[in-house]
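The structures come next, written out as structure tokens.
Two complexes follow with chain A in common, the first pairing it with chain B and the second with chain C.
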Partner chain A sequence: MKAIYKRELRAYFKTPLGYIFLFAYLLITSAVFTLCNLLTQQTSMVFFFSYVNLVFIFVIPVLTMRLFAEERKNKTDQLLLTAPVRIVDIVLGKFLAASTVLLIGVAATTLYIPIMELYGTPAIAESMIGYLGLFLTGLLFIALGMFMSSITESQVIAAISTSVIILFLWLLGDVNIQFTEVLTGALAWLGSALDWLMNFISITNRLYDFALGTLNLVPVFYFVSLAGLFLFLTVQVIERRRWK
Partner chain B sequence: MKNKKFRYSLNSKAFIVGAVIIVLLLNAILISLDSKIPLEFDFTEDKIYALTEESEGIVDKIEEPIEILILTTGEDTQSISMVKNVLDKYSQRNSAITVREVDVIKNPAEVQAYVQEIASMNIGSLLIRQGERYELVNATDFFSQNGYSYIERVVTTKLAGFIDGMTASSVFFTTGHGEQISNSTTKVLEMAGYQIEQFDSLSKDFPEDGKSIVIISAPQSDFSVEEIDKLDKFLDRGGNVQIYFDPIYASSDLPNLQNYLREDWGIVRNTHVVLDSGNMIENSTYMVGVLGDHEITNPVKESQKRAGYSPANSFTVAADKSTGIEIHTLLSTYDDAFAKASVEAIMEEGNLQKSANDESGTFDVLVAATKDIDNVDNEVFTGKLIVGGSVLIFDALTTDTRFANEDILLNSVNWMNGGEASITVRAKAIPGGVMSLTVTQFWIWLAVLVLVVPVAILACGIVIFVKRRYK
Partner chain C sequence: MVEIKNLTKKYGTKLAVDNISFTVKEGEILGFLGPNGAGKSTTMNILTGYLSASSGEVSIGGFDILDNPVEAKKKIGYLPEHPPLYMDMTVREYLDFVYDLKKVEEDREEHLSKICDTVKITDVKDRLISNLSKGYKQRVGIAQAMVGNPEVLILDEPTVGLDPKQIVEIRSVIKKLGREHTVILSSHILQEVNAICERVIIINGGKLVASDTPENLGKSISNENKFQLRVAGEEREILDILDGVSGIKYVNSLGRKESGSIDFVVEAEPDVDVRTPIFNALASANLPILSLQTLDLSLEEIFLEVTQSQAGTYIADVDEEEIEIVNTEPDATNNAPEEVVEEGASEDESNL
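What follows is the complex of A and B.
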């Protein structure tokens, strides 16, 4: 796994991909920070964290689209699949490499706090919790992007499908549908189940806690477990291909 | 081989379905646990999403089911999220309390019975109900303009009203003498669970209940001999009285009231105007004072907040004060304060600076006194009296939570009623504040953050890529 991790991490910074990611990530987050904090002269980062996760729609596909799709297209996946390394290690190595690049980006944006400190008193602990939420969201989306990359050999399809799903998950929080109002009578249970599922899938609902400065184990487990699920699905997809 | 592949495929599908179910199930369990036990760590400096011990004590006393409805239009705003987060702590603490959102547009029938009352309320307001009884909390009461959260205070206060034996204590303001009753003061008391009442002391008696608190707030005309007698009898029953004078709003000539204070309590009102330009708060006429040693002020001193006062009369202890009376300073000036003869003298001078004729030194502007009184049945009552030199001590600064004045006010009424039946949940600071950034600084940071840094990183990437390509 260590070898895969090193190889992937090196690949990010030997090609323009890692730089494009950091460029886009810093450009968008800085624009959001400027609008939410510097322009309004507020040190509270609640609004920043509420909106900044939108950045992932554009940047996560940059990190993940090539992870498996490129290998498959170049047929280098054959080498990997026949190498004496477990599929789990391959998937985890790639995931950790992408996560490291994300971490560099997120860590770079923590510099906003000392900038605010020059002109006011930012809430440091609360903001750090917000950053943790942002990073966990990113991890989930990386796992999702890896899964999308594993099921196609087209990087473009992998990128677009990842963006669309992230956008869908983001919008879900704003869609105010109550299935319990539509499905009544014998189907009431289905309405309740769908409402629960909608609420469960929604990303924005989970992020509020972090943005407000509270560390709730429910959203933490949500992000970690869903990221784990997508990694597991990715392993299964690769494993299936190996058997084929 | 084919059979092996089929078996693998079947296992793989079963694994996937199993993993999805396990993830959903574990999340569902955790979500259901979250409504019962706290799974959250509050990292805000003032712990705005955690309940204070006082709130927990009140919540624990609730036995009958109480439902808290958050009246929304289906959209989550930052303030609604904050309110929901705090309310969750109530339901986690006591399962008799349930919290749910009601979309008033989609489900108007839910709130039909209260439609007239909620029509003027903001989105995010609360309806707290227990059977037929209900209380409404307007969302405007949750936050102060200077960044403080009152969510816990107002909710706890309202919930306390549903507990038997926790009926609100009354604070009575006298009227009939041109009293200046501060809205800020009454609002703070109401939010702390006190019921505010007014009575004309000339035509009506002082409250029967000796535990009641009466506030005389900057009277412009004197109390009659009969009223003084009623006041004295009320204090003899163990009553509690707060009297606030003021160099601007109260008359400087209140002989009956002042004589009573001097003769019966040993407190002399000095009608001069105490100022301390060296400790004046910027852009205001408020000054920072020194807190005395008393159970009202000691908790405030520990919080290291400042206490302020406006231009005030001062008080001294009469030389012939009875031995049974104890007088404590609650708030005094710093050593370099001074006193001008009157407001008119200040107007003549045209400034608030010290002049040669001014008295100087330390002045007491808020004092507390107690007196043990034996009645005819040999019962001992302790009359409690607080005298303030300015009615504004509990006005503008009461709502400015950087200052301890609100705490002093609440502690004083709490001290007077022996710490019973009052709620002293403090306002909590919302994280963050205001930056002072000039336009030039804003544009510089905008250029650096949005342009210079990202472009520099991109340039790095291009250079490395080109170098590698033509190596």
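What follows is the complex of A and C.
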């Protein structure tokens, strides 16, 4: 796992991908920060954290698209899969490498707090919880992107499908349809089931606590377990492919 | 060392490997021979755990590849058909990575530089792999397989895409490796297998069709007494003269290959050298011999025979008559000498 982690991390910064990710991430988050805090002279980061997650639609695929698709295309997966390493270790090594790059980005943006001190008193603890939420969301999307990369040989398909799914998860959160109002009578059970499902899938709802600066274990568990699920699925995809 | 039992692999409904069983002893160099698409690469991918068999068992040094993959894989160094190289790394970085990946315990510097010396990549070790020529990439691929000194080396067409000089070099490297390792090597070039391997397995259409030593395969060559002859003159006249030479079993005309001359295939009686009588007879009739060449084709012919018939004949069972039939067909004899020259003749000499 360590060997793969090291190789992947180095690959991010030997190719332009790591830099592209950091550049795009910092550019977009700075724009959101400028709009939400600097221009309005606010120190509360609630708005910032409510919108800044949109950045992942654009930048997560940069981190994840090549992780497995490229290995398959260049046949380097034959080296990894015939080496005395477990598939879980391969998947985790790659996941941790991408997470490290994300962490560098997220850590860099904590600089916004001292910037706000120039004109006010930011709530540091609350903001840090916001950053934690941002990082956890990123982890989930990295796991998702890795899964998409494991099911195709094409990096383009991996990237686009990852973006589309992240966008879709976002839109779900902003749909204000209450199915219980539309579906009544015999279908009422379906309405409440759909409402529950929408609420469950919605990333926005999970992020709300983090944005407000309250640390709640339920959403933490939500992100970590969903990320774990995608990592598990990635291992399964690679494992199953041998049997085709 | 390597044991394969009733291995079968299906891709959908297509049977890629059909119930193959064989064992490879410690320190043996086994040649894995077959036409393109015969199932060589699939079998090797299963041996190394990259693919899983539909049924059957593979065990490496006593460890089952499915039940105990990590232990089994520790014993394997694998060079796939396409060397699995990361183009964004230098040779040194790449070998370092493989060293870490395989969790090798030997001294890093010493181990890696010894490997680099063996496959002669020391002078390119700081260059990016993407900038290397195909021959060098192939060597880096072999180096990668050698990292960690695995007991079994599995090499899928290791000399493909190399120039003749490199082919000779790589073959001698593999021969050297065979002293300390068990080597399984696939190829579709007969001379290569003949030059390196102690035992040969021929597979076709996913089935094992022959298994023997190259010596036994080679016997059919030395039994042969065939020549290709090019003589300037008229066909009728030359045939009349050749008919008068004693010891010739048959003469078959191949027609005009070069203006003013005719080509023939001549087969002599066993243990009779007819070259001098032929020369004397033709010289006294003032018909100059333009070329006289031994036809070392039988290995190719046997290969074709074995791989083209679905029945699966054991090499030793192919009798002389069958070989003769192939030979009398103009097509087979026309193409074959060119193949020999292209693929193996020059290297064969340097190997012997």
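The rule is short, and it goes like this: the second predicted complex is superposed on the first by the 242 of 244 C-alpha atoms of A that agree within 3 Å, B and C clash if a C-alpha of one lies under 4 Å from a C-alpha of the other, contacts with A are read in each partner's own complex, and residues count from 1 in each chain.
Definition applied: a contact is a pair of C-beta atoms (placed from the backbone, for glycine too) under 8 Å apart; a residue touches a chain by one contact, two chains touch by 3 or more.
In this text, all values refer to a predicted model and were calculated from it rather than measured experimentally.
By the touch criterion defined above, A:188 lies against neither chain B nor chain C after alignment on the C-alpha atoms of chain A. In the superposed model, A:208 makes contact with chain B only, not with chain C. Touched residues of chain A were counted for both chain B and chain C, and B has more of them. Touch criterion met: A:14 reaches chain B and chain C at once.
Once the two complexes are overlaid on the shared chain, A:79 sits against chain C while remaining clear of chain B.
Contacts of A:218 after superposition on the shared chain: chain B is touched, whereas chain C is not. Once chain A of one complex is fitted onto chain A of the other, the partner contacts of A:33 are limited to chain B, with no touch recorded for chain C. Comparing which residues of chain A touch chain B with which touch chain C, the overlap comprises 14-15, 243-244. Those residues of chain A that touch chain C in the shared complex are 2-4, 6-7, 10-11, 14-15, 74-86, 242-244. On the side of chain A, the complex with chain B involves touching residues 13-16, 18-20, 22-24, 26-27, 30-31, 33-34, 37-39, 41-47, 50, 115-116, 119-123, 125-126, 128-129, 173-174, 176, 178, 181, 196, 200, 205, 208-209, 212-218, 221-222, 225-226, 228-229, 232-233, 236, 239-240, 243-244.
By the touch rule above, chain C contacts chain A in their complex via residues 11, 45, 48-52, 69-71, 73-74, 76, 78, 80, 82, 84-89, 93, 97-98, 100-103, 144.
The residues of chain B lying in touch with chain A in their complex are 5, 8-9, 12, 15-16, 19-20, 23-24, 26-28, 30-31, 34, 39-45, 49, 74-76, 78, 81-82, 85, 103, 106, 430-437, 441-442, 445-446, 449-450, 453-455, 457-458, 460-462, 464-465, 468.
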